[in-house]
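Dropping a structure here in structure tokens format, bear with me for questions.
The first chain written gets the first letter, and so on, giving A, B, C, D, E and F; residue counts start at 1 in each chain.
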Amino acid sequence: MKKLRELAVDEAFQMFVLIKNADVRMAKNGKKFIAFTFQDTSGTIDGKFWDASDEEIQRFEAGKVVFLSGKREVYQGNPQVKIIQLRLAKTEEAGDPSLYMERAPIKKEEMEEEISQTLFEILNPHWNRIVRYLLNQYKKEFFDYPAAKRNHHAFASGLAYHTTTMLRLGKAIVKEYPELNASLLYAGIILHDLGKVIELSGPMSTEYTLVGNLVGHLVLVDEEITKACLALKIDEQAEDVVVLRHMVLAHHGLLEYGSPVRPRIMEAEILHQIDNLDASMQMMLTSIRQTTPGEYTDRIFGLDNRSFYVPKEI
Amino acid sequence: MKKLRELAVDEAFQMFVLIKNADVRMAKNGKKFIAFTFQDTSGTIDGKFWDASDEEIQRFEAGKVVFLSGKREVYQGNPQVKIIQLRLAKTEEAGDPSLYMERAPIKKEEMEEEISQTLFEILNPHWNRIVRYLLNQYKKEFFDYPAAKRNHHAFASGLAYHTTTMLRLGKAIVKEYPELNASLLYAGIILHDLGKVIELSGPMSTEYTLVGNLVGHLVLVDEEITKACLALKIDEQAEDVVVLRHMVLAHHGLLEYGSPVRPRIMEAEILHQIDNLDASMQMMLTSIRQTTPGEYTDRIFGLDNRSFYVPKEI
Amino acid sequence: MKKLRELAVDEAFQMFVLIKNADVRMAKNGKKFIAFTFQDTSGTIDGKFWDASDEEIQRFEAGKVVFLSGKREVYQGNPQVKIIQLRLAKTEEAGDPSLYMERAPIKKEEMEEEISQTLFEILNPHWNRIVRYLLNQYKKEFFDYPAAKRNHHAFASGLAYHTTTMLRLGKAIVKEYPELNASLLYAGIILHDLGKVIELSGPMSTEYTLVGNLVGHLVLVDEEITKACLALKIDEQAEDVVVLRHMVLAHHGLLEYGSPVRPRIMEAEILHQIDNLDASMQMMLTSIRQTTPGEYTDRIFGLDNRSFYVPKEI
Amino acid sequence: MKKLRELAVDEAFQMFVLIKNADVRMAKNGKKFIAFTFQDTSGTIDGKFWDASDEEIQRFEAGKVVFLSGKREVYQGNPQVKIIQLRLAKTEEAGDPSLYMERAPIKKEEMEEEISQTLFEILNPHWNRIVRYLLNQYKKEFFDYPAAKRNHHAFASGLAYHTTTMLRLGKAIVKEYPELNASLLYAGIILHDLGKVIELSGPMSTEYTLVGNLVGHLVLVDEEITKACLALKIDEQAEDVVVLRHMVLAHHGLLEYGSPVRPRIMEAEILHQIDNLDASMQMMLTSIRQTTPGEYTDRIFGLDNRSFYVPKEI
Amino acid sequence: MKKLRELAVDEAFQMFVLIKNADVRMAKNGKKFIAFTFQDTSGTIDGKFWDASDEEIQRFEAGKVVFLSGKREVYQGNPQVKIIQLRLAKTEEAGDPSLYMERAPIKKEEMEEEISQTLFEILNPHWNRIVRYLLNQYKKEFFDYPAAKRNHHAFASGLAYHTTTMLRLGKAIVKEYPELNASLLYAGIILHDLGKVIELSGPMSTEYTLVGNLVGHLVLVDEEITKACLALKIDEQAEDVVVLRHMVLAHHGLLEYGSPVRPRIMEAEILHQIDNLDASMQMMLTSIRQTTPGEYTDRIFGLDNRSFYVPKEI
Amino acid sequence: MKKLRELAVDEAFQMFVLIKNADVRMAKNGKKFIAFTFQDTSGTIDGKFWDASDEEIQRFEAGKVVFLSGKREVYQGNPQVKIIQLRLAKTEEAGDPSLYMERAPIKKEEMEEEISQTLFEILNPHWNRIVRYLLNQYKKEFFDYPAAKRNHHAFASGLAYHTTTMLRLGKAIVKEYPELNASLLYAGIILHDLGKVIELSGPMSTEYTLVGNLVGHLVLVDEEITKACLALKIDEQAEDVVVLRHMVLAHHGLLEYGSPVRPRIMEAEILHQIDNLDASMQMMLTSIRQTTPGEYTDRIFGLDNRSFYVPKEI
């Protein structure tokens, strides 16, 4: 059976989908409508539900699976669904909401294995123990959470996927520049965004938590390292621990991007650049996949609002 | 007896002073000289020691008390000492180096008392216990350290003095705006710069420590709060604790100034402004005291390189 | 009787209110509607009037008092009025429009008395005479005008209220830093925004005047001082007068904020910081009062578009 | 007889010159020297006077005419004088210091005539009367002062020369765009920098005055217009007067450059651009005239530190 | 017969107009409408076509001439057309679409003649041959194309008109500063925007071409000069050719505006300033002509979003 | 025999070295001295030659090989040479100057082979032919030139070395993101800095050429591609050629860094990031190699003036 993003224009369809967002707005005639974003594993599509009653607004809220009858249309160049009928799905017919979410393209088990193997390459015992300790503590969240609310890697397991890709890049780069301390770079990559499991609310209807807004994921990881040192009886002022804390605190590269310190050791600078490279690639690929060759993508917020051209003949 | 900054121009003198800085430079004739900054409790003054031998360079290093014979001169508008003779002082004749350092204008005991009293006005029990715990742990350093290597409050007990003045301002401001949570503001003021006791090396020949450079005093306080919560069995995710951590992390006001988050609660914004006000006042007063009325001060680095006019007839 | 901002959600009501704004817009069906902002002394609330005829558009214009029958609703988190019936009020039943305007929380007489008393603390005779002269000349406007069209202190007597609060802060700060020239600071505070009585059109439906847009309130005060000097036969080049002019011209702190010169005397820097502090407090308080504890305020334009968290459990 | 800037490299010479600057500095051997800038009508040249006694420092101060025996050398690409002998000149042998100053390339009388003629083209009676009144009041200074302490037009009569050139450009531009109000543009050009006669100390050893630093020449002109209105009984709030004040206040174009308002009428924008054009041309020409074709000029501070290439074969 | 921008408010009319833009949007009731911009030689006016069928959307596309029956209205201060009836025009009754386009106010022939004459004033043979060669090659486009898609000179022949006005300004400026190389300035002016004939798609429904977006008109001219050198056997590394290439590459003045190098020769700086002056004048005039005296223009994007006041009494 | 950078502190030595720079300066005693930078394949070291005669200044110019007797010292943390004796070397005893230059750590032949092999992976025939054509044309320079005058890769064969490393990184990255067009990325990498063979004067005493300053290496490559298209009869407007030109023009990433367009295709963004990564690594490694572990490097200009910490215990 076809999925949401595989439908042809004007094709009628009936399928189970997840309500990702359900914004209630008021039409100019004074009546309310719901601006839905529906989702299945193929991606998302928007659709409007006119003249919504208060009861319907409560019934069709984000996170629910629904049975949607509709027609796939185009509006101002963007795909859209004309809603013909909509009803809540029963769990027995539709399964768990998580089945409808976009997921990382690598299997969770594969990522677990790959990260697990990498731990053997972290030779400094302090770093190795701290990374193992924290990965163990937040294992479930680390492999379930997205890496962001929107922008790049905003899908289930996005955090682990982002980390895995960065590790692969890191290994390739270490091969070119043997002066880099590989253990430090890998430890930094694995920990750098771990604070997002505290900063974000979870893989569904992802929001920022209070501590996410008021402290932020960079400092949250640093605190976790501090606490891990207490638990593991590691001196947090030892040079190697200071350097590891610096890695995570500096990884946004610039003060303006929320790092309280700029990279001051070589591996911190490279961690920042690898992070940037993978985030840029994900944002470009997400947009390019939704764009016809020969056209420009929408403007990408995280890339300074640039739109990118997708060549057609090369 | 006169002190360093009380000498008249062209006055000859002999006195014990502390070597605050001793930079070795090479003259254009290929010989080395030492650019000294001498200090006593009245302030600092520069002087050059020509044709320094390697032995003299080693002998006259920063932190030593010396017996200086010289003449007070002026060079390009700045006071300067012409060194006539220089020898190391013996401890029995000159006393401890710390006797020669610039100090906060309020006595240490008075500040201890004032801060101690303020603790009773921090009514929230989490904040009260955390502040007491950390103040207790770093008591000696807190009342000895400067608030900076240079710029504002760069003298012994400068940190406590800066904190005390800010508390006084905070109390006056709370009176005008009763909506402010006084407990939170006072807790924030006391903790905001406490990380400097880890960021800086101490009251003499103050330098940045490694962890000071790579982590910075804002995050260092936050870590201390985290550890205090563990020790005191306080939930670090409780709203009031999150808000306290936010106070210290946000107190530089702007990301560009090294805060990983901008102030997002009212008291954090006001803490930042009080900090700014007291720092500006100290920098202006330090420069103005060294300037003849009717003239302009030197450019003040921490105030965007502005020079200030000192009126003479008002 | 309840006021506008005291109504419960879904409560029906009938009351006299002032039309603060009445923007005519076109609905997507091609018909016009009026987007009203209604006001009484408790605050403002929005409501839409659909299918407005040209006659109704003319009848219900800003500044009119109306008798409004409606229901208090919520729309996207913001309070809103559903208009059931609307008619113009007669003066005899509803009184003057000014009765419905938001006002400073201190009585006008109290502020007059407080400012009046402060004049005795301005000891420099030039400053004292200039301040008295200008305060006398613009007395009515000074105590009636808002301090802005929007942003902070945008209500009747807002200018005097802003000035009064700044004087109180100023007095508290002078106590901490006795080196500040109190006379100069108070004179500067009283005059700094006086140009707004020329820059703005008045307390109702406040707009910028032409000279407000093309010259601005900073230079407008300076001109008034210049003219006062002519009238009072005070030499405008005397150091104390130059310094007073500098206070008002420099009080925005940065060239980017419209000051033709940056603060170059200590009291000018402090005037700027006090102004900033009071403006920030007013903007935060206005937003926080309209926000449920545990939520974030709307973004505040005048504070770099930050939204603030309102703690609920502290 | 040759002038300063006409000497060949290594040419020995004896001539009367003016001391433009005489900075006393300390050599690395602890002895003082004077860094002179000598001047005659052909331009300026630097030279160092080693081992200066206190008496010599007092004798050879800026503003004095001296008889200089020396040799013209080159040092790091810049012309320089090796001082062989130096003595004060007597007035009877050397004449007035002003004879040695760089001057505008147009005669003062010619500029007076040209500006005088332009007054007849200012048809609006308010503008015409205000301009005549102020030009009359500051006539002597207007035709004697430089337009700056350094940067562009920093020579005697530079202010009038800058104004005259701008008027010529203005007239050419008005011909291309007849929609421009010529009267307003010319009135704005004549007044725009008139405040410099108060901002600067005079044509010799030019410094900023206190009111120049604390108020600035833009506001100083505006005040003069305000006072002129009082004297001439012109309503300063009349639209045409407001617009004229705006012209002078806005002529720096950007807030960052010290204008309290940005240009908001067409003629104010053009006044700013003409000012910019003439200033750029003067700075480039001054540097280019001192550069060998085929080389680059020194970096020009007022043009964002760019250096310019001087083509040799075109 | 009256033209579009000559109609009185509420006047009914019937006339042939060109569809300049036809944006399809969805109304809040779920039905599509077309937001038209109609155009004739007097200017443009907007109008909405409600409940558009797919067939109508296809029929009334940009570039078509239509017979429009309507009424001239005002909506939120902007002129607007209420569409009563609309049909496609036949070529025989309405003529070519180009007859309805806004045009430069100087005749094409006149501009050709003026530019042609200027070629005789380009005395350097390399520059003369290159300019003639390229002008010859792109003659048709040069005199037909606009200078932009929107902003300034966005009308037929706008490119040639912009060039012609700049030449006139250039000649006036050369007269004031004889040190400028007139040949170079004129050659630079003629070539500076020639790349727009490759960057833009043409005078109707102007869009950026792919090479326009990915290379840009500055580099496109430079490439044309390079190829011209090959064809004319001129050494592209000769100083005069390098300098000419620099003129076109540097004419945006700042790197932020897309010049790969900043002006480093005097004539390049002046070319940039003349370009800026003419563009500013055109943007201001376009807005001012649509504004009632005594009002402010809309915000002008190309002038940092400033709105300009149009005086009424001067 | 030991090389320059292998000497111990205070070690006396005699060896042949190359004069890399020889700046003549004037000492404060009025006598000239030469500030030398000596070089051999191990790196560079500074040394001063006091009281230089004009003849010596001419004799010891940059590019000459000399026989240097000296002592290795330290001055303010930087290595330095005390010159004891200096004489020109004869070619027969010292060999060619190029033997003393710092070189890329990979052999030229190896790089030629590696780049040569990569050509087979450029599958698009246009790109393949253009790259081969240009590489062939500038082969000698491409493998001899540095990649910069200073900053990163400022040594012989630096350009080819930088290109080779980037190709290796590019290949690793393509493996992680198969959506990248490998042919395009490799073609872009090889060509991106090729313009430096025109922008710079050569491997010895490297300076910017006139066309380097006035046009810049980005546009210079683009012109070369344009001319190659003419020679190879490839349509320069074909999409693949436009995209290739875009790669080289956009590779500085930001307009502020001199790219006339920002990256608008995915491979252009990645080319920019790879370039940035390799340049950062080179700059950090160069500084770190000259720094004792446990210390900070000097500030690195090309990395926003940051200094980096070199850990000692990890």
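Couple of notes before you dig in:
Here is the rule we use: a residue touches a chain if its C-beta (ideal position, glycine included) is under 8 Å from a C-beta of that chain, and two chains touch if they have at least 3 such contacts.
Remember, it's a predicted structure, so these values are computed and weren't measured experimentally.
With steps allowed only between chains in touch, the distance from chain A over to chain C comes to 1. Annotation: the chain A:chain E pair of sequence copies touches via predominantly different residues, less than half of the used numbers being shared.
Counted by residue number, the contact pairs of A-C are over half the same as those of A-E, the matching pair from A-E, D-E or A-B.
Across D-F and A-F, it is A-F that has more C-beta pairs touching. Annotation: 44 Å between the Cα-based centres of chain B and chain D.
Centre-to-centre spacing of chain B and chain C amounts to 39 Å, using the average Cα coordinate of each chain. In chain E, 28-29, 210, 213-214, 239, 243, 264-265, 309 are the positions where the chain touches two or more neighbouring chains simultaneously. Two chains count as a pair here when they touch; such pairs are A-B, A-C, A-E, A-F, B-C, B-D, B-F, C-D, C-E, D-E, D-F, E-F. Listed in rising order, the residues of chain C touching chain B in the complex are 124, 165, 168-169, 172-173, 175-177, 179, 181, 184, 238-240, 243, 262-266, 269-270, 273, 276-277, 280-281, 284-285, 288, 296, 303-304, 306-314. Chain A meets chain E in the complex at residues 27-29, 33, 48, 50, 75-76, 309. Residues 24-26, 28-30, 210, 213-214 of chain F touch chain D in their complex. Taken together, the chain F residues at the contact with chain E in this complex read 210-211, 213-216, 218-219, 222-223, 226-227, 230, 236-237, 239, 242-243, 245-246, 249-250, 255-261, 264-265.
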